[in-house]
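Common to both upcoming complexes is chain A, partnered first by chain B, then by chain C.
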Partner chain A sequence: MAKKITYIIASIRGGISVATHNRKFMAGLVMFLLVAIAAIIGSYFLPKSYYRTGSFKPGQPPNPENPLGTDTLGRDVLAQLCWGIQNSIRIGVIVATIGTLVGAAIGFISGYYGGVLDRVLSIIIDVFLSVPSLLFLILIAALIRGTVTVEIMALIISITSWAWPARQIRAQVLSLKERDFVYMSKLSGMGGIEIIVRELMPHMFQWMGANFINAFLVAVLTEAGLSILGLGPQREMTLGMMIYWALSYAAIFRGMWWWWSSPVLVLIYLFFSLYVLHLGFDEIINPRTREK
Partner chain B sequence: MKKTLTFLLALTYILTILFATVSYSQPLPREKTIYIAIGGRIADPTNFNLYAPGVSRSSTGLHQMIYEYFFYINFETGEYIPWLAERYEYSPDYKSITVYLRKGVKWSDGVPFTADDVVFTYELLLREAPKMIWSSEVAKWVESVEKIDDYTVKINLKEPNPRFHLIREVFPVVRVWGGLTILPKHIWEKVDDPVKFKNNPPIGTGPFKLVSASETTIIYERRDDWWATEVFGIRPAPKYVVFQYFGPEESVAARLAANEIDTPFIGILSLGTFKKVMETNPYVRAWYRTEPYAWLDPCPRAFMVQNARYPWSLKEVRRALSYLINREAIATLAYEGTTSPSWGIFPYYGGLKPYFDAISDLIEKYEPTKYDPTKAEEIFKNLGFTKGADGVWVTPNGTRLKLVYLVNGANAEEMKVAQVVADQLREGGIDVELKILTGPTQADARLRGDWDMAYQPFCPGDTDPFDNLELFHSKYYVKLGERAPWYERNSFRYKNPEYDKIIDELAITSPSDVEKCKQLFRKAMEILFEDMPVVPGMQAPALVPFNEYYWIGWPSADNPWNMPVSWWAMFNLVINGYKSPKTGEWVGGVRPRTVEYTTVYFTKDVPKFRGVDLNWYGPYKAGDAARIPADDAEFWIAKGYASFKPTIPTPTVTLPGVEALASDIKDVKTSVDALSSSIKELGSKIDALTGQLSTLMMVQVLTLILVLAVLALYFRKK
Partner chain C sequence: MPSYGRYIIERTLTFVLSIFISITVVFFIPRLVPGNPIDAILSRMANIGVSVGAQELVEEYKKMFGLDKDIFTQYISFLRELLRGNLGYSINSFPATVSELIARALPWTIGLLSVTSVISWILGTLIGALAGWRGEKSILSRIFVPFALLMYIIPYYILAILLLFLLSYYMRITFGFGLPSSGGYTPGMELQGLTLEFILDVIEHSTLPALSIILSSLGWWFLSMRSMIITMKGEDFILMAYAKGLREKVIMWKYAFRNAILPQTTGLAISLSRIVSGALLTEVIFAYPGIGWLIYTAITSLDYPVIQGGVLLIIISVALANFLIDMLYPLIDPRIKYGGE
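Up next is the complex of A and B:
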């Protein structure tokens, strides 16, 4: 048992050391943490009351009091941005966690046990993968519109976020379970769950990590997509809601660049940093893509 | 094989483009056309039956261009304008109304408009109720309709009503938007199913005829045989009126800035966009040239509060809500300065001013638009409310003060106001939950009262306060969870027997008895101020832009002769102006910015007429020469009443050679005239051709590029 744990720790440590030596991974991570930490620190100085309607003179371009100006409802754009980034990241974390865990569980069960169970689960996975997820999410979000909070928003998005991880893990498990060490464990009398947790899981940590980042990325963008359609959380600010408000007040046509460009640029930045992070992770998992 | 295929494909492509170019029609002369931007596509451009459900009568231009009405009401001046009818008269018990029709009115196919058409329309509606639009309202009020003579009709009512002539659903009076439409008997009596009938082409009495209709564009052309040209001597200045869907807000804005649109419908341009257009094009304006820009919509907004649910059932709590709402902030933030706070549910039109003056002291006493959070706090404390740890009030029952605010998510205005008001109420210690719904779900929730607060337009108390006061009558009260008759028709579930009594008395008082009406109005308003069943909100802005590059004379704050409403039936009178019942003079009308004049020689007697420059000309006798607008000159010449050439008087003294000389001169003049007109024609043809050619050239260049690209690809592969 103790050996096993040391092995897991060693493998994680090994993973980390590979990761810290991967330039793409580190660049992505630093970029991401930079904006996340900046948003958290910023929200200390710019409390929520800064984006209550009528807190400032409406429609102001950037000035010393409001570094990123104000919108037509008199809300500080920088304060909205700080809280918006936090909430968007929160949605990303919740969705990625749920998606990865649920996806992994279904993938392992489906792949390891096989048979009728596998066939049924595979069909469900295929259905979730083939139905356009945005359409599905719009329908659900429209149904419970108005009472949406950041957490509910995250739950809605995670409805479709588990399918891709499940498919990947299942495929990996299908090949892993034919290896000798799995047969060995079976012969030594280990149960199915035990084999999954003790033998298969350690091999899949890195896969799950990649899935996590991928789901995170997709969740942030999906939130923006749904919110721009007016289905987002009304009481709280997210990056998508910021774009929604800017659009519904025709900020682009009116030349209020500070209002619409801030969330768009941050969204692009977030996407880029997570994408680089994802590329780096890919190299770690798959040594063939590693730079020589 | 592959080569042939490529060639065939290219050929088909070119041919398609060529055909498309050929069928491309010539544009209408811009300086003779009014372009109106509508808000969306026409669902069925073949159906012009405005009594069929789902047929738009305003986007299609039906009730502006084709049909006309007995009377039109001008809210700005308070005038009741006779048009197809001359006057009306009630029986002393208000059980019947007699209408005297105008003589000389004709349908567009030449058949006279008479009492038969009126009787036929009412009987059709009574027979088909409730299938045809508004027919159930007609069945509710009208007992029978009698023809007294060809130009006199008597409508018998089921109950006495001194305001029948003001109800647009049952009487051909244009109040807000439209009115009951009288149909031509000689067309509709042959129709089997008046709901399925398509009524294409539509026959009306109006000054325009339908030329073409598609999902995006409806074109109307001026009729030279309009009855009012004979009766009043007036003709509409525009030769064409086009109702067109130009796409979303940005494209409408761009075309308005480029002078391609004269007036968009309401609700297409938001204020910011409008301001931007105004910056680039100084000819574009709205009711005011500066803030607040917008005209007043007839339906002021108020916050309905659910009177049937605790603690909103307490009038003190409703008053506290009112104190917590900062209406000035709503005006600047949500409406961006286009409107102002409203003390009640009446639009601030000139026509209602006498009533407002009668209660000015009450408005001061009750301060219904005052923002004062400390007073709200006092009220809550006096009622025994306590403030919880989270800053939210707790009622004496021990429940948190939570307010469900119903918002129609499809309505941008409501969404904006909700953001501001929710923040204000939360600041005041109320936990506001925005319940955002759309479509039938939203409508149903609003009627059933599944909310504590909702923002609502109160319609249509424009020149007579009775309608809006009656909305609060308890005869419309239904239990929570049941559907109220209409949103503002007491879905807030207010009940006050004392108030009902005042309204019942007002209902049987003729609006012409102004003194008594004012007294009752005062009594009713005192109760409404005291009970505050709905919390007053805002005057409603109606941002309607106009373009003065081609057409001028639009109603505006500088000259408020009418209302700026291209989507109301009143638009007929916006174009043509009307004979003011107050002064007997013709007022208003829309005319071109630049008018061409020409000299004509009348060959027959011509009565007094109004030119397209809206000036009156004549009367003229045969042989008179006059300088009149070219458009009118063409009209009279086409009718055979005038000529561009003077009639040469036969010389009385015959000198040798003079006759020959005279005829020579005449010949030369005729040929010069002919030459100049053919040059003009040639010029316009060249213009049209260049337009087509440039399109053609562009298409051909594109095609060439495409073909080259295909060839290049093909040879590279080889």
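Up next is the complex of A and C:
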């Protein structure tokens, strides 16, 4: 057991050292953390009361008091942005954690045990992947519209976030389980769950990492999509809700560029950093894609 | 090797099953929330201050979907009505049915989506093939690769907002004219029927949503085609073609391009649901009168039957499209193995 744990720790440490030497991975990570940390620090100086309706003079362009101006409802845009980034990231983390873990569990079970169970699970995975998941989410979110919080939003998005990780992990398990060391463990009397956790899991950490980044990206994207449709957390701020408010009050056509462009630019920046991070991760998992 | 027949049967089964599961999920979701759907409809109507026709609506609903019976009977009546193309009544525009509203919105979405998908697929594939063939250092690659990456990373709705600002607002204040920012046509124009003037007006209104969908999906087609052609260039049969002394143009179009076009076609199936969701949001941003906008207005006015109908329609059409592409693919590409694993 102790040997196994040292092995797991070593493999994680090895993974980290490969990761820190990958330029794309590090660049993406630093870009992402920069914004996340800035938003957290910013939210200490700009409390939530800064984006309560009527806190400031409405419709002000950037000025010393409000560095990014205020919106039509007199809310400070920079405060909205700091809290919005935080909440969007929180949604991403919750969704990615649930999606990766649930997806991995289903993928492991489906791939390892095979048979009828695998057939059934595969079809369910296929259904979730072939249908635009945004639409299922619209149905659910529309039912509880108005009472949605950031956490509920995250849970709703999680409903469809497990399917892709599940398919990936299943495919990996299918090839891994034919290897000798798995037969060895079976012969030595290990049970299915034990083999999954002790023998297969350590080989999957990198895949799960890639799935995590992917699920995170999709979650932030989906949150914004649902919010633009008016299904977001109305009382809280996310990047999607910022766009929703700016669009509802026609910020573009009233020339209030500071209002609509802030969340738009931050989203582009976030997606870019996550994409670079993802590319880096791909190179780590798939040595073939590494730069020569 | 399993036959094509078995492949078709397996695919058809999966397709029917996935449609069935989707419909079942769509039926059960609203029933997970406590309370009966009719009470929910009534209280919502009271909230928005509609009272005309409320009673008739409730009666119609009870009759049609057996809402006073148990859930299994309700489910059967739901399926029965669905088969007849009946999706219930809209709450906001009662006595209009959901099917009527969808029938009005559908041509807009189909028109917009089909034209833009074809244009972006052809453009992306052709430019991607040229860029891949001419190599990493060519001007084409240098200009288009960063551009395509950017288009691929930026989500549909963000690009739509940027285009709205640049081509509608900014152009209007600097040059005095800009593209129309919302709607499918100038209100009132539809009264004159299908005249040339009306058609031109529709095209003018569709330009911005179309452009944003084309640009958003173009990036991916370009990138995948380019990398495919680059892989093809290293293959033996290309070297052989050179050795035979064939002209460069022939090698590119008849050898590399023809082989790379197959995976590019499957790509269409894989990204279909992404494109459809993206197009729905694009419609919302441009207030374009298609299914996406219909769902959006239904969301803002709590018209649940319309949301349900719209969602169901899109889910079924995407599944159907995927199924058709699955069916066609083995006919195009003889190398594919039937029967999966």
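In this text, the second predicted complex is superposed on the first by the 292 of 292 C-alpha atoms of A that agree within 3 Å, B and C clash if a C-alpha of one lies under 4 Å from a C-alpha of the other, contacts with A are read in each partner's own complex, and residues count from 1 in each chain.
Going forward, a contact is a pair of C-beta atoms (placed from the backbone, for glycine too) under 8 Å apart; a residue touches a chain by one contact, two chains touch by 3 or more.
All values reported here derive from a predicted model rather than from experimental measurement.
Engineer: Check chain A with both chain B and chain C modelled on it and let me know: fit or clash.
Structural biologist: Chain B and chain C clash in the superposed model.
Engineer: One more residue to check, A:253. First (chain B), second (chain C), both or neither?
Structural biologist: Both partners.
Engineer: Of chain B and chain C, which one touches more residues of chain A?
Structural biologist: Partner with more touched residues of chain A: C.
Engineer: After the superposition on A, what does A:136 contact: first (chain B), second (chain C), both or neither?
Structural biologist: second
Engineer: With both complexes superposed on chain A, which partner does A:123 reach: first (chain B), second (chain C), both or neither?
Structural biologist: In the superposed model, A:123 contacts chain C only, not chain B.
Engineer: For A:53, is the partner it touches chain B (first), chain C (second), both, or none of the two (neither)?
Structural biologist: A:53 contacts chain B only, not chain C.
Engineer: Applying the touch criterion given at the start, work out whether A:188 contacts chain B, chain C, both or neither, answering first, second, both or neither.
Structural biologist: Neither partner.
Engineer: Between chain B (first) and chain C (second), which, if any, makes contact with A:73: first, second, both or neither?
Structural biologist: first
Engineer: Please indicate which partner A:175 is in contact with in the superposed arrangement: first for chain B, second for chain C, both, or neither.
Structural biologist: After superposition on chain A, A:175 lies in contact with neither partner.
Engineer: Quick one: from 241-249, 367-375 or 637-645, give me the piece of chain B that collides with chain C in the overlay.
Structural biologist: Comparing the options 241-249, 367-375 or 637-645, the clashing one for chain B against chain C is 241-249.
Engineer: Output the chain A positions appearing in both contact lists, the one against chain B and the one against chain C.
Structural biologist: Chain A residues touching both partners: 142, 145, 230, 253, 255.
Engineer: How about chain A: which of its residues touch chain C in the complex?
Structural biologist: Answer in residue numbers: 123-124, 126-127, 130-136, 138-140, 142-145, 221, 224-225, 228-231, 243, 247, 252-253, 255, 257, 260-261, 264, 267-268, 271-272, 275.
Engineer: Help me check something: in the complex, which residues belonging to chain B touch chain A?
Structural biologist: 249-250, 253, 270, 272-273, 275-276, 326, 329, 332-334, 336, 407, 409, 412, 415-416, 419-420, 422-424, 427, 433-438
Engineer: Spell out the part of chain C that touches chain A in their complex, as residue ranges.
Structural biologist: 14, 17-18, 21-22, 25-26, 29-30, 33, 153-155, 157-158, 161-162, 164-165, 168-169, 173, 181, 273-274, 276-277, 280-281, 284-285, 295-296, 299-300, 302, 304, 307-308, 311, 314-315, 318-319, 322
Engineer: List the residues on chain A that touch chain B in their complex, please.
Structural biologist: For this pair, the touching residues of chain A are 52-54, 58, 72-74, 142, 145-147, 230, 234-235, 248-250, 253-255.
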